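Structures incoming, each one as structure tokens.
In the two complexes below, subunit A is the common chain; its partner is subunit B in one and subunit C in the other.
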Partner chain A sequence: MTDAPERITLEEWDVQYEKLRRAGMRQPQYGGPLSRHVEDGDHRLRKLRYDNSAAALRLWNFLLTEEDRLREARSAGKKIVGTMKDLGTVPVMAYCFDNVAAFYPDGAWWIPCVMELSDGLLEVADSLGIDESFCPVRAMLGAFVTGAHFPIPDMLICSVGATCDDLSAIAQRLNGLGHPIFWWEMPHRRCPEQDEPAVILPGGIAAPKCQVEFVKSELERVKAALEELAGERLDEEKLSAGISQANRVRQYLAELRYLAFTAEPCPIPALEMLIAEMLAIHFCSDRRETIAVLGELLEEVRGRVNAGLGVLDADAARIFWVNPVADLQVMNLLEDCGGRVCGTEYLFTHALDMIPQDVPPLEALARCALADPMAGSSIDRAERICADVRRFGAEAVLISRIPGASHCALEGQVISEIVAETLDVPVLEIEVPPVTDSMSPTLRTRIEALVETVRARRRATQGIRSDR
Partner chain B sequence: MKTIIYTCPYVPAEWIAAHGLHAGRVLLDSVDPGFSAARAEGVCPYVRSFIGEVINNRGADGAVVTTVCDQMRRAFDIIVRNCDLPAFLMNVPSTWQTLAAQKLYVDELKRLGGFLIGLGGKAPSKDTLAETMLAYDDARTSIRSAREHLSAKQFAEAIAAGGSLKGEAFGDGSSDSGHPQAALQAATLRVPLAIVGGPLMKPDFDLLDMIEHLGGRVVLDATETGERGMCPKFDRRRLREDPLLELADAYFAGIPDASRRPNSELYRWLKRELAGRAVRGIIFRRYVWCDLWHAELGRLKEWCNLPVLDIDSAGDNETDRPRISNRIRAFMEMLQ
Partner chain C sequence: MICAGIDAGSRTIKVVLIDTDSLEIVGKGLTDQGVEQDKLASGLFKKVLKSSGATEKDVAATVATGYGRNAVGIADTTITEITCHAVGVHRLMPTARTVIDIGGQDSKLVRLDGSGKVRDFAMNDRCAAGTGRFLEVTAVRLGVELDTLGKLAAGSRRPAAISSMCVVFAETEITGLLACGTGREDIVAGVQAAIASRIVAMAGRNIEPPIVFTGGVAMVSGMAAALQTALGQTVTVAPQPQMTGALGAAILAADRNR
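Presenting the complex of A and B:
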């Protein structure tokens, strides 16, 4: 544990950085002061508040140097694979090859936020007919056209079928611009019918065995394509070893999430947890380093929990967060309003659940892929959210709507209704665009209202108890 | 006879009819007749209308929804939570080039069969299915051959009725119901246009008349509810050998759509049809919040050498009509 935990500004991080450096902080090759990234155009960093630990610094530096890592990988002769939409499955396979680095071009959806729209990616998307009626993932299209944010991959792999229309449509547009795409099918996950052989997926949902087999056959195709690209065969042993490594990431995250969402006081801010969770999707282009980064963060959090230290007031309202935010600052805003994140469902629970290791590896990956919350019904998703709300003891649910996203408009309604029917907790839905500055007062008011509601309900509960 | 309602062209009417049920492909009427989504923003007007139609439909005995678009897939969740009408979600794969995707479609047809039997339908014999398919095939042939004798609106209405045909032939198109000869001759002087996009709703058919009134002539209805959404002619030999496989092949491989991945077949089909009918301009009709078609607009403009007019609709016909009329008028002035 490095210091008394607190949330600090970027300027304060410069001071903290010097202090840690003088104290002998060991840094990886990509280390350095956070503020240097502002010079690269990451202007949003100036407005965020960060955890003050060396572990958090390493996490941020790891995240913000991914483009450099990808370019280094290319220079070193590695094949770059852009995996789109499946959020957590294909990269497990890709990182089993010695000469492949995989990343999610979809991740470009945060570039307009981090660069405060100075990147021009959304304007490029506009010019290609992909306007603001699409979700912010349209920034990906701009990133491909400008070529300024990641190397153009040697291969693009995209899951389609039971996915969002935004990414599917944008990927097809990309394909039309001359980028070949390897499409693979993700069927809509359904409940097994009576007497139909079923499999329990990671996360506890049942699916028909035939659907698992179908996804497995699709992943066989993906594997063959990767083998051809890499010029290397991927046998079961190698794939199993890759799954073990992915599970180490997931194991660290499981403990991190449990401590972050349940310990009193909250040991780590929501923003760092969001970034940590994201690493599970594709290891930020370096699986080994992801394990090291998360390991250090976990050590920090364990130390804080054991010492009873945290970054927020002990009475912070316990909020379960649904969907990732396009503007990272909103995670700070929740805490500024007196809340803390106690549970998340950022649309990739299947990248957090442990991959089964007691079945053949490709079947294990198929089970994980099919557990994708987006592949199933909104009802399944809502039920998982309810279970996790109970598990982490959240007092309210905040659904962060992604502007333009095809799934959000109807799904938010289903989730709200089911949460309200199942649990006696308030639900709030907000919409978060890539940069929220102009609507910050409105968002603040709405989140404050949710926090006040939680506190009022606590008072009412305590009043009932004292009356007894 | 029990009625099964649906809108998606990948649901074969023949399959429902062969089970002894009435296949009612719904031509949606207007947006939001009964569905009171608290947050309608972001929801495609067609999907809103479909949800309202299913929830309020008193004559249907079952509904089939497909996964062709994400919002329809989500609409299924709303439907099962808000009404008692038995509903079936059919997984139509987006990819189409692999045997596995084709087999998945066949398996889904079989699963749909189970749903239909659960509603009182009867599993069809090979011969029953084949006879039903032939009847529908003949009806579609009649409709296609009538195209040149009908106004675009009449043709669209004939296609819409085709899905509910129960097998009777439409006629050869030379009947009195078509355009009078003089009107047909006048029509040939108008600018030949294509209308491209997703499904139209019933009030949208007036758009076809509006185009004619403003000097155009829709010679290619490439909307989902138009010719593009019609299953191609069956291979009669294969139909006799294995009717279910032929049915699946004709529907799954034969209907080009923006949702397919890749959707190259849509452009191949458009290239052939646009050239074959000497189209001089394209009216691109899409719903606000329909990502799948909206994303094709830019590509279509780059791909074809024809002028393309974008007509978006939020489903509010009163507001849309004057705006659309003005835009089409300007488009026609440019083309004439």
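Presenting the complex of A and C:
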């Protein structure tokens, strides 16, 4: 454990950095003070509050140097694969090849936030007919056109079908701009018919065996395409080893999530947890380093929990968060309003559940891919959310909509009603665009009101003096 | 001793003073909101104190609420308008289970439990289509005073259909309706129905009576009727609907002072 845990500003991080450096902090090659990224145009960093540990610094530096890492991979002769939409399955396969680096071009959706719209990516997407009626992931289109954020991949792989309408449309536009895409299909996950052979997927959902077989056949095609690109065969042994490494990431995240969401007081801020969880879907272009980064973060959190230390007041309202935010600052805002995150459903729970290791590896990946919350019904999502709300002891649910994102528009109300009916906890829906500065007061009001509601319920339950 | 509630809304600032023990209102006042929010709130606070025969020394605690609550320097603490409206309405109408508050800039639907505590709430999004702002824009576009809208709407025979979910687009629709010769009374009635339908959409499927309507827009005649039609349930306008947030803030100040 590096210091008394607290949330600090970027300026305070400069001081903290010098202090840690003098104390002998070991830094990876991509280390350095956090504020240096502002010079690269990451202006939003000046407005965020961060965890003050060396482990958190490493996490942020790892995230913010991904573009450099990809360019280094290209220089070193590695093949670069952009894996789009499937959120966590294809990267597991891609990282089984020594000469392949995979990344997640959809991750460009955070560039307008981090660069406070100065990058112009959304304007480029606008000019290509992909306007604000689409999810901010349309920034990816701009990133491909400008070429300023990541090297153009040697291969693009994208899942379509029962995934995300916005991303599919954007990816098709990208294809039309001369970036060929290897498409694979994800069927809409359905409940097995009576007497139909079924398989229990990671996360506990049942699916027809024939659907798993179909996804497996699609992943066979993906595997063959990757083998051709890499010039190397991917046998079962290698794939199993890759799954084993991916499961190490998931295992670290499972413990990290459990501690972060259940320990009193809260041992790590919501923002760092969001970044950490995201590593599960793409490894930030380096799987081995992902394991090291998460290992150090977990060690820090374990130390804090054992010492009874945290970053927030012990009475923080316990909020379950649904969907990732387009503006990172909103995770800070929740904590500024007296809340803490106790459970998340960022639309990739299938990338957090362990990949089965007792079945053939491609079958295991197919099961995982089919467990994608986007591929199933909103009711499945809501039920998983209810189960996790209970598991982590959350007192309210906050559904954060992404403007233009079709899934959010369609699913928010369904999830909200099911959660409210099943658990009788307050549910709040908010909408978070990439930069929320102008709407910060109204967002604050809603989140503060949710926290007040939780606290009033607590007082009523505890039988002490009521709110009035 | 007395306690004070200050509701710094987007259109107006309201102050309510109550007796800390009896919770009876001993003073109240209202002024338009402006750029210097703190100064305006402080000025109104002093004016209401003076008219009530009290001084600042008599004030045990002050709670600020509303959109501009964090700009009110004289407040001891801030509480959101959702909690304050719930408390204020419960004080005035203890059986209320649903509070609809339509203010100048936003609208809220608050569900209460039997003891008047907030069970759940919803607020309109960034769009102003379900708020008093829509009525203001309409009044300007039609060249009439805001307080005459209700009277105009009462004369409507065939309310115009306003389909836009956005005030800016709706203004364009109003222009189009005027160009087509649609009467002002039908346009106003259409706008009121559009606001009501936004509230119904926000409410979802479950809305438990009794329903109490509060906030500045509750004073616009015709709005309660429009809501009633859209919801298919009786809607009662709270007594002094503009003041319920400030009243709730004052009651919460008294509670915290005990």
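One rule holds in what follows: the second predicted complex is superposed on the first by the 463 of 468 C-alpha atoms of A that agree within 3 Å, B and C clash if a C-alpha of one lies under 4 Å from a C-alpha of the other, contacts with A are read in each partner's own complex, and residues count from 1 in each chain.
What we mean here is this: contacts are C-beta pairs under 8 Å (C-beta built on N, C-alpha and C of every residue); 3 or more make two chains touch, one makes a residue touch a chain.
Bear in mind the structure is a predicted one, so any value in this text is a computation, not a measurement.
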| item | value |
| --- | --- |
| First, second, both or neither for A:Met84, with subunit B first and subunit C second | neither |
| Touched partner set for A:Val389, first subunit B, second subunit C, both or neither | neither |
| Partner chain in contact with A:Glu429 - subunit B first, subunit C second, else both or neither | both |
| Contacts of A:Thr453 with subunit B and subunit C, given as first, second, both or neither | second |
| First, second, both or neither for A:Val325, with subunit B first and subunit C second | neither |
| Partner chain(s) touched by A:Ile268 [first = subunit B, second = subunit C, both, neither] | neither |
| Partner chain(s) touched by A:Met439 [first = subunit B, second = subunit C, both, neither] | second |
| Greater subunit A contact set [subunit C / subunit B] | B |
| Contacts of A:Ala369 with subunit B and subunit C, given as first, second, both or neither | neither |
| Which superposed partner A:Gly129 touches (first subunit B, second subunit C, both, neither) | first |
| Residues of subunit A at both interfaces, subunit B in one complex, subunit C in the other | 413, 417, 429 |
| Subunit A-facing residues of subunit B, complex | 37-43, 47, 67, 69-71, 73-78, 80-81, 89, 91, 93-95, 98, 100-101, 104, 107, 111, 114, 258-259, 261-263, 288-289, 291-292, 294-299, 301-303 |
| Residue numbers on subunit A that touch subunit B, as the complex places them | 128-130, 133-134, 158, 160-166, 168-173, 175-176, 181, 183-185, 187-188, 190, 193, 210, 214, 217-218, 221, 377-379, 401, 404-414, 417, 429 |
| Contacting residues of subunit A [partner subunit C, same complex] | 413, 416-417, 420, 426-429, 431, 439, 441-442, 445-446, 448-449, 452-453, 456-457, 460, 465-468 |
| Touch list for subunit C against partner subunit A, complex | 67, 70, 79-83, 87, 90, 106, 115-123, 125-126, 204-205, 251-252, 255 |
